[in-house]
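My structure is below; once you've seen it, I'll send some questions.
Labels run A, B, C and D following the written order; every chain starts at residue 1.
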Amino acid sequence: MKPKIRTPFFEIGTKNYVYGDTVLEYALAAEEASKQYDIDVLFTLPVVEMRRVAERTSRLILIAPYMDTLRPGRGTADILPEGIYAAGARGVVVNHCEKPMSLPQIKATIERARELDMLVFACADTIAEAKAIAELHPDIINPEPSELIGGTGGGVSDMGFVRESIRAIKAIYSDILVEQAAGITNGQQVYDFIMAGSEAAGAASGIMKAADPVAMIDEMIAATRRAADDLKKQGN
Amino acid sequence: MKPKIRTPFFEIGTKNYVYGDTVLEYALAAEEASKQYDIDVLFTLPVVEMRRVAERTSRLILIAPYMDTLRPGRGTADILPEGIYAAGARGVVVNHCEKPMSLPQIKATIERARELDMLVFACADTIAEAKAIAELHPDIINPEPSELIGGTGGGVSDMGFVRESIRAIKAIYSDILVEQAAGITNGQQVYDFIMAGSEAAGAASGIMKAADPVAMIDEMIAATRRAADDLKKQGN
Amino acid sequence: MKPKIRTPFFEIGTKNYVYGDTVLEYALAAEEASKQYDIDVLFTLPVVEMRRVAERTSRLILIAPYMDTLRPGRGTADILPEGIYAAGARGVVVNHCEKPMSLPQIKATIERARELDMLVFACADTIAEAKAIAELHPDIINPEPSELIGGTGGGVSDMGFVRESIRAIKAIYSDILVEQAAGITNGQQVYDFIMAGSEAAGAASGIMKAADPVAMIDEMIAATRRAADDLKKQGN
Amino acid sequence: MKPKIRTPFFEIGTKNYVYGDTVLEYALAAEEASKQYDIDVLFTLPVVEMRRVAERTSRLILIAPYMDTLRPGRGTADILPEGIYAAGARGVVVNHCEKPMSLPQIKATIERARELDMLVFACADTIAEAKAIAELHPDIINPEPSELIGGTGGGVSDMGFVRESIRAIKAIYSDILVEQAAGITNGQQVYDFIMAGSEAAGAASGIMKAADPVAMIDEMIAATRRAADDLKKQGN
């Protein structure tokens, strides 16, 4: 069964900023914060560390940054869906701007993910692209202007973009979860995005390039909790 | 330090024929045979299982079927050299016919492998291609006519191809090890190739599609031992 | 100014079935039929023959099967938008199943086409893919199940698919023209698709592999005329 | 029959710096200089202008910057070898750093070029890559350190690189012609390279970004003539 996600949730991507034991260290920090604040956390990590992180955590929902669509057999360098599932992946990213995929490839990946009850986490650069990819009905969309990725753009998504992207995606399929991640570098931004209507926030470089990534993981997941509580008080 | 390999050696590729626990099972069988027959064994496996196999074996030389050349940072879906090294990989395949690479990409991969003291295992389809790739000075070349890969071609490389490919590669760099792998489906072929002058033999589909892959691993590594002994008797 | 297209129109793709003088021959046949039946005809042809066909025809709307998005400069093997425009192209195909493109690449191509007032002719495999690409607002969509392409699938699109694809695309942007092309091998099918509500029909292999391609071009464009007249009689 | 080339020859690449009528203008200037100085000139240009240039020139040897290896049929956006040959191409570039190709793809392109008696013009970045590609036996190799391409590197290849690349390539196949092109921006450099033993010189950005490209074409081809004459005087 596909993992259930309670909103608001938080998503962490290590990308390739770290490797080896550091991936595990951050995963354990995320696991700990997920427990402490009772927030669902998606953790996107290189497939090479998938199994070890899966064995050492129980609450994190582990996401592979990519998979191919082959079935068991040849394809020596491909990432086999069954292989990453066996190692603990419960979701997969499609269409990340650092790994562009063709439309037929996105569709095929979604179909393979469905077979294995894996979540599909889709990225999109603009609102038009978010709407295009929404038509393929992924579970989560992260509309993220590519100029804000990697912490080089000097800004976060503005609230107009946030609200419009949520509205546009929900108009196509209301059950798609919309995460905001572009340019988030502290807990306050996490709080603000969720208060503005986002069902999730996420960060990659905002954590990986922080002075203290472990502390930042705690700060951001704590902020998710605070927003969840304040939303509840407001009757949402 | 780059792993030293004693010849004749044997190479096993799981490709994506198996995944999860089965990869470990075959790795343990290879480890056991490597010990029993005192033969060096290269084991090529999906990166997702790299760490677990590394933790459970000590003699196998683990090879990744591919890596990218980025350095730690972004590149969310890339295979980071430092990442697979940290997980236990001590070599990498370049130019497998199922993952074609451009010449500049092959060169860049070799340079990254050199930085990390990883072996470079290069594939080639024809003798001309083997000579081309030999100029880039990988550690091992596996000249393997692509029509014989996957066990669909109904044959093994003939001895003329074997001898000519060894001669042509050694004429360029005599320290490149030459492995024959195309179409091998039993221990006798392993023995024959090594007796004909090959410094190594290998199999992927020949093991993965065997009735009893674990037994076949033993059979082929035992045959490597037998050939090693008979060569020694012949004074080679 | 972007070419205006009167509906119903007809589209011909030569793909690489023919080359050299034969491309010109078919273009002249299409030009002649376009005049005779007063039907707008889109003609998709390899860029290498673009200029000659443009110099010898005046009614055909010439479409390039692909372009890159670079601007004048390096990129030695790329297809420069300004280059094909100068040679006579007035439109470009995006996302043909024989040349898959990533979503960001499709968007970038559409933007470059807009700069040059070129039509964007988008292909899609399924209704979900057609809806996804419709969100990017091309001028024309050809929803064409890939198993029907090349005349190997033994059938044409059924009327249910035709009507549903038109409805789904028009619900997103009503000004997108919808062409049906999959599996068309004779004039009667052209007539039937247009009578069923399609604003256009098209053929590639259905013409290129016909016993007499020149006669088939005439037959299909004549059928487009017939459908146009009958629709008018019906008061559409 | 494959075009015969007399050495020293000169090669001009327009890349995508120019398009439309300007490509023809430069081709006519090259044609004129080729006649005046009796020097063989290879002219590499976008395929979209191939036919027009072929129709208006008779001495230039026209080179396509890329081709695919399909045979007549589907493959709508591919560059068909027969198609560019019919339009006048008599050679094709392989492995340009702006269009990297895998080794199997390079081999397949060379085979298709052989079928059509087209010249194969191979690029290489380093001496190791030049040797690798020499093993595939193209007609011409242009060893061109990529940092010197496009006139951004602020320098030309030094004479040590020139002599070593010629020596290394000729040791593999002595009939491969070696051209130097990296960073050439004036006639004197053309003269110097040829006097240093290069059988050819070439320029792309050195002409395309010159203040007066037509005059530079004349200057460089004149320099080729001067070098040819001086070599003859020296008894070479």
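The rule we apply is simple: contacts are C-beta pairs under 8 Å (C-beta built on N, C-alpha and C of every residue); 3 or more make two chains touch, one makes a residue touch a chain.
This one's a predicted model, so the numbers in the text were calculated from it and none came from an experiment.
> Measuring centre to centre, with centres taken as mean CA positions, what chain is farthest from chain D?
A
> Call it same or different for chain B and chain D: same when shared residue numbers make up over half of all numbers used at their interface.
Counting shared over all numbers used gives more than one half: same.
> What is the distance, in whole Å, between the centres of chain A and chain B, each centre taken as the mean of its C-alpha atoms?
36
> Can you compute the centre-to-centre distance for chain B and chain D, using the mean CA position of each chain? Integer Å is fine.
Inter-chain centre distance comes to 39 Å.
> Nearest whole angstrom, what separates the Cα centre of chain A from the Cα centre of chain D?
Centre-to-centre distance between chain A and chain D: 48 Å.
> Touching two or more other chains, which residues of chain C qualify?
Counting only residues that touch two or more other chains, chain C contributes none.
> Give every touching pair of chains, nothing left out.
A-B, A-C, B-D, C-D
> Which residues of chain B touch chain A in the complex?
Residue list for chain B touching chain A: 13, 15-21, 44, 46-52, 65-66, 70, 72-80, 82-84, 86-87, 93, 96, 98-99, 149-150, 204-205.
> Can you tell me which positions in chain A touch chain C when the two form their complex?
By the definition above, chain A touches chain C via 95, 97, 100-107, 124-126, 128-129, 131-137, 146.
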